[in-house]
Amino acid sequence: MPRSGPLDAALSAGGLHSRLSDAASGVGVTLRGVRRIYPTGLEAVASLDLTIEAGAFVAFLGPSGCGKSTLLRLIAGLDQPTDGSITFSRAASGASVAFVFQDPHLMPWRRVLENAALPLELAGVGERDRKDRAMAALEEVGLADAAVRYPRELSGGMRMRVSLARALVTRPALLLLDEPFAALDELTRRMLDDQLRALWQKLGMTVLFVTHTLSEASYLAERAIVFSKSPARVVADHTLALPREREHALRSTPAFLAEEQTLYEALVRGEAT
Amino acid sequence: MPRSGPLDAALSAGGLHSRLSDAASGVGVTLRGVRRIYPTGLEAVASLDLTIEAGAFVAFLGPSGCGKSTLLRLIAGLDQPTDGSITFSRAASGASVAFVFQDPHLMPWRRVLENAALPLELAGVGERDRKDRAMAALEEVGLADAAVRYPRELSGGMRMRVSLARALVTRPALLLLDEPFAALDELTRRMLDDQLRALWQKLGMTVLFVTHTLSEASYLAERAIVFSKSPARVVADHTLALPREREHALRSTPAFLAEEQTLYEALVRGEAT
Amino acid sequence: MGAFLERALPPTLALGGFLAIWEVLTRALDVPAYLVPPPSAVLAAALQEPSTLLVGAMTTGRAALVGFAFSCAFGILAAITLATSRRLERAFYPYTVFLQTVPIVAIAPLLVLWFGPGLRAVAVSAFIVSVFPIIANTLAGLRSVDPALRDLFRLYGASRLATLVKLELPSAIPEIVTGLRVAAGLSVIGTIVGEFVAGFAEGAPGLGIVVLTSYRQLRTDVLFAAVLTAAGLGFTLFALVNAVGRLLLRRWHASELSR
Amino acid sequence: MGAFLERALPPTLALGGFLAIWEVLTRALDVPAYLVPPPSAVLAAALQEPSTLLVGAMTTGRAALVGFAFSCAFGILAAITLATSRRLERAFYPYTVFLQTVPIVAIAPLLVLWFGPGLRAVAVSAFIVSVFPIIANTLAGLRSVDPALRDLFRLYGASRLATLVKLELPSAIPEIVTGLRVAAGLSVIGTIVGEFVAGFAEGAPGLGIVVLTSYRQLRTDVLFAAVLTAAGLGFTLFALVNAVGRLLLRRWHASELSR
Amino acid sequence: ACNKSSTSTAGTKTDTQVKVKLQLNWVPEPEFGGFYAARESGAYAKNGLDVAIMGGGAGVPVLQMVAGGQTDFGVAGADEIIMARLRGADVVPLFAVYQTSPQCLMAHASRNAQGIGDLLSSGTVALEPGLPYATYLKKKFGFDKATIVPYDGGVARFLADKEFAQQCFVTSEPVAAAQKGGDPKVFLVADEGYNPYLVVVITRRQLLREQPEQVKAFVRATRDGWKSYLEDPAAANAVMGKLNTSMSAETFAAAAAKQKPLIENAETTKKGLGSMTRTRWEKLGQQLVELGIVPNAPPAPDDVVTAD
């Protein structure tokens, strides 16, 4: 049984700005021949074709520097492909996108609560309402106590969790996560794994997340895509044969360990090419 | 058999500045009643007693925000304890300390090579020599190709590796690592795990490292200390009953899994209190 | 109390030391008083005509404040406008240097004709002299925003105004405060120069007039007293800016953290 | 070529547009030429006496450059000294504002007596007027260094000098460049004001002398030509600073990246 | 005429009084004493005028303001007036306070200079660039033997350097230098042949044409004011001293005494204070042409208001 926490409650509490409220289900993404060559001449992504259905939960894996963050930025529209096209199943402008960067990137002059409330603020949600929701999101990532602190008074993992709360506080149709849990301890991480999956099951948004932890990829995602060394090409595109409802006990089942092994082997292959 | 890479070769190539050259073996650290209360009133570390022998390899584990980074900064002398004392087995000033922060903190105006060479430069090592060594260190972390790039042209994991190369380029008597591998993929991480342990076996420096990955803690360290929720108190101080020579096959042995489980349980206990 | 002392003691000691050296030097070297009077003579002159200096400080201070306020408002607005596009910046930013290089005396006739003599022309002079550092610093600040935060705002479809108010301006505050620090002193000198050429309407003469007339009559003690009073106005504005800066940056910016 | 156009076109268009509007306005509103001459008249005046302006620009330009160079050197050094301790900063920083508020005319006799009339006194005037923004900006820059990098340098036992040269100065470059931008124009006006009171009236008179002469003789067209030539000097210095800034920051600083 | 209703007494203002503005080009000092005296003694009021006397700084564009109608009356030097008229400002001179220009050069008595020529033959001379009389002296004596520096407005350098000479106003710098122990010897530029009227009251031609009576009344009252100021400057000095607190009462008195012979001479005893002659205007115009300051002399103001 997926846990259902206060974040979930907050998100379903309705009353979000109209631009966001129709985003309850996910958005599909199609990449055709996408390349990205940086001004320095470096090819970070090489002619990539990829179709992601609306409501998918996809993990991206690959060696450090292979182009995962670049790809996420391209999909979010924060960067433009040098070649190729990226299309969405419905108008991306109407759908809301949330992004957790690899680094927290909080606003140092705002307290934690105000940082987490930013997307709601930008969407025009009233002050009371957005404070309540931001507080709920902070509670969910275990930071209710730190709501009035400034980012510089937080630990590294806490900052990353604020950044996560900031992404989850809206009801995004497309959620892009760049190693959101890397700086977190095992327990916090497992708690958030469950939160995230429960949220996804409830709202059906599309989730694309980068992770380096094989077990996390297997536990969370429905589909895992493994990239080669830079420039990113797909080495493996693997649909995980695991039940929809997942609990921690699953981690020690042979089926789970087999999936982990599959991913590991794909990684090794990608490194070798 | 521990691998022996170019970094290792570079470090043993002698000729380092005199301030560094006597640092071949580790330094012991003793903490007595150490507390740290931040100006905001938050108690990050509560009356900690800890003895770390010279040449120890210790892993610090604990929930996010429990005070691990604070502790490392206190030991490095970058922060002063509110109460208590920290003493070293030999003059800490004579011994060299290296620190890998939780975030890379590179100098954006310097190329990667010049970033990695910084500690040598500050120790007065000649230009040719320090470039060679920095290059060797970069090779070891897999970034020889990126030597002439600027930090902003790197991926998150690459930046962290530059920061690691910068710490390893000297021959520190005390090496403090704050989640150095969190942003790295499984393969790179395993490679660096082996490098680090080989280096330690060769040079005998004291290594204190913070990690959230239980398997990494078990694989790398001789001793693991698990902290409670903030403020940091010791929940478990565990010497790992594993052979001195470690290979990846070890990871799937029952002894290893048992150690992992022990640490996990300690974490759970620390979270509960 | 201790914190206040810690803050107030060093500048007081520095001032005391400086005055002492000045006094001793002028006496020891027998410097003619019409060239550099000893501080005691300056003080005596100031005490002899307290009302001249007081009235001067009031008049000059008011004009400087008005000019400074306009500089702040216009300078920040101009920088915001220039920051909206690289092309706009390239087209107009270089010409704002003109404000810095134009001698007030050369445009004094226009100032007086357009704004009328007295306070208004003088305040405009203060404005012209002090606005550029605010533009330059604000622009630099707006340009230095963390690109990832900019991306985030774009992602959430933030309007131009929201980006400005919630992202760009707050993160430019350190630079803006630096610009204001520079502008504080400049607005005082701009006022004084303005008074030189356009300053005397009926009644209360500003420090610029006191400087000029005492200069002409070689009343160097009064001259120094007036110049120091002007410096005092500059300090006051500067201290005001510093206080505001500390208030705004205390909790989050490196430049104010280690205090 | 395209890049050059992209860089040069906007300011050229802006200038052209501005001149056109100015020309049309003065003609349409029948503004008396002794007040604001149309640009065509200014150009005619400039062409009539090209050597006056050229010589003026050379004399003024040289003094401005010397003053600017001293400002850079002294300003950065002063900021470095002040940055060594909070107490030092508190003791002396406020008084540097004095440099901003002192009217050059009030200290002209001292300048001339101490430095001799002509280039030296004039360059000192340029220095006094332009040094404060460099101090203020450099200090702000030095204070904003990433604290973690500071820790790193401390850890590696970096000397004060090494920390300064390898950490603090490089990371303060963006702010220093902003300070230099402001100082560029100020050094030109400082020169001109210096020439008003301490330049040589004969020989190769600077633009300040040209401004005064034409002002006295109500030759507004020549006056405008001289003022615009001074602005041209200001632009040139400003452009120089920008080029240096771009060169230094191009590869790593947000303010220059999105160009 | 408008001065028929001379029922109004000193200082009182009635509805019938016309409000006019007089713009000065410097702060209240004895050179403007007569204007304040006219106001204080009620001379303006008696002539049906309510005059606001506006002090000014060195850069107040009096000529432009008069020409543009921002003020009704103003003061300027005769050479400035010629230049302005030539450049299109239609102003007319009404009343010249200084018959002899107080512009002078001063040198240390120790130098034993016998005239401006001696003084320009060595040392340093401070002269304001662009002043017509400086150009005149350059033409007459040449500037190649002395070092010419800009006049900075003060006398500090004069006192510090025995070889230093500078331009001055008879009523101002020499007084200050003497007070500080200097021994200045003063040479009037007028004695060298360049003698423009100074502190000349001007108005714009349009006003003169439309309100001749008002202009005449202003001139008449101004003359009365100056008459009384020359007799006893104390009251007006006290008023000006309040406005210009940076100048001491003694300095006011000393300067007022010094300027008296420059304002009153044989000519004015005959024709009245402030009167001007065509010949002098024409001569000045000719001089400016010869100096190359103006391309051609404008006709001498034909409508100079002379004494009734």
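Order as written gives the chain letters A, B, C, D and E; numbering starts at 1 within each chain.
By definition in this document, a contact is a pair of C-beta atoms (placed from the backbone, for glycine too) under 8 Å apart; a residue touches a chain by one contact, two chains touch by 3 or more.
Given the structure is predicted, the values throughout are model-derived calculations rather than measurements.
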item: Those chains which touch chain B and also touch chain A; value: none
item: Smallest count of steps, each to a touching chain, taking chain A to chain D; value: 2
item: Contact-richer chain pair [A-C vs C-E]; value: C-E
item: Centre distance in Å when chain C and chain D are each reduced to the mean of their C-alpha atoms; value: 17
item: Separation of chain B from chain E, taking each centre as the mean of its C-alpha atoms, in whole Å; value: 85
item: Where chain C and chain E are represented by their mean Cα positions, the distance between them in whole Å; value: 36
item: Inter-chain centre distance, chain B versus chain D - centres from mean C-alpha coordinates, in Å; value: 49
item: Residues of chain C whose C-beta touches two or more other chains; value: 35, 105, 109, 113, 146, 196, 208, 212, 215, 253, 257
item: Touching two or more other chains - residues of chain B; value: 103
item: Shared interface positions of chain E, touching two or more other chains; value: 64, 68, 153-154, 156, 160
item: Chains touching one another, given as label pairs in label order; value: A-B, A-C, B-D, C-D, C-E, D-E
item: Of all residues in chain A, those that touch chain B in their complex; value: 38, 40, 42, 61-70, 102-103, 142, 146, 149, 153-158, 161, 178-179, 182-189, 212-214, 264, 267-268, 271
item: Residue ranges of chain D touching chain B (in the complex, touch as defined); value: 146, 148-149, 151-158, 162, 166-167, 170-171, 173, 251-253, 257
item: Residues of chain E defined as touching chain D within the complex; value: 63-64, 67-68, 80, 83-84, 87-89, 124, 127-132, 143, 147-150, 152-154, 156-157, 160, 293
item: In the complex with chain D, residue positions of chain B that touch it; value: 19, 73, 76-78, 93, 96-99, 101, 103, 105, 107-110, 118-119, 121-123, 150-152, 170
item: Residues on chain D engaged by chain E in the complex (per definition of touch); value: 32-35, 105, 108-109, 112-113, 117, 195-202, 205, 209, 212-218, 220
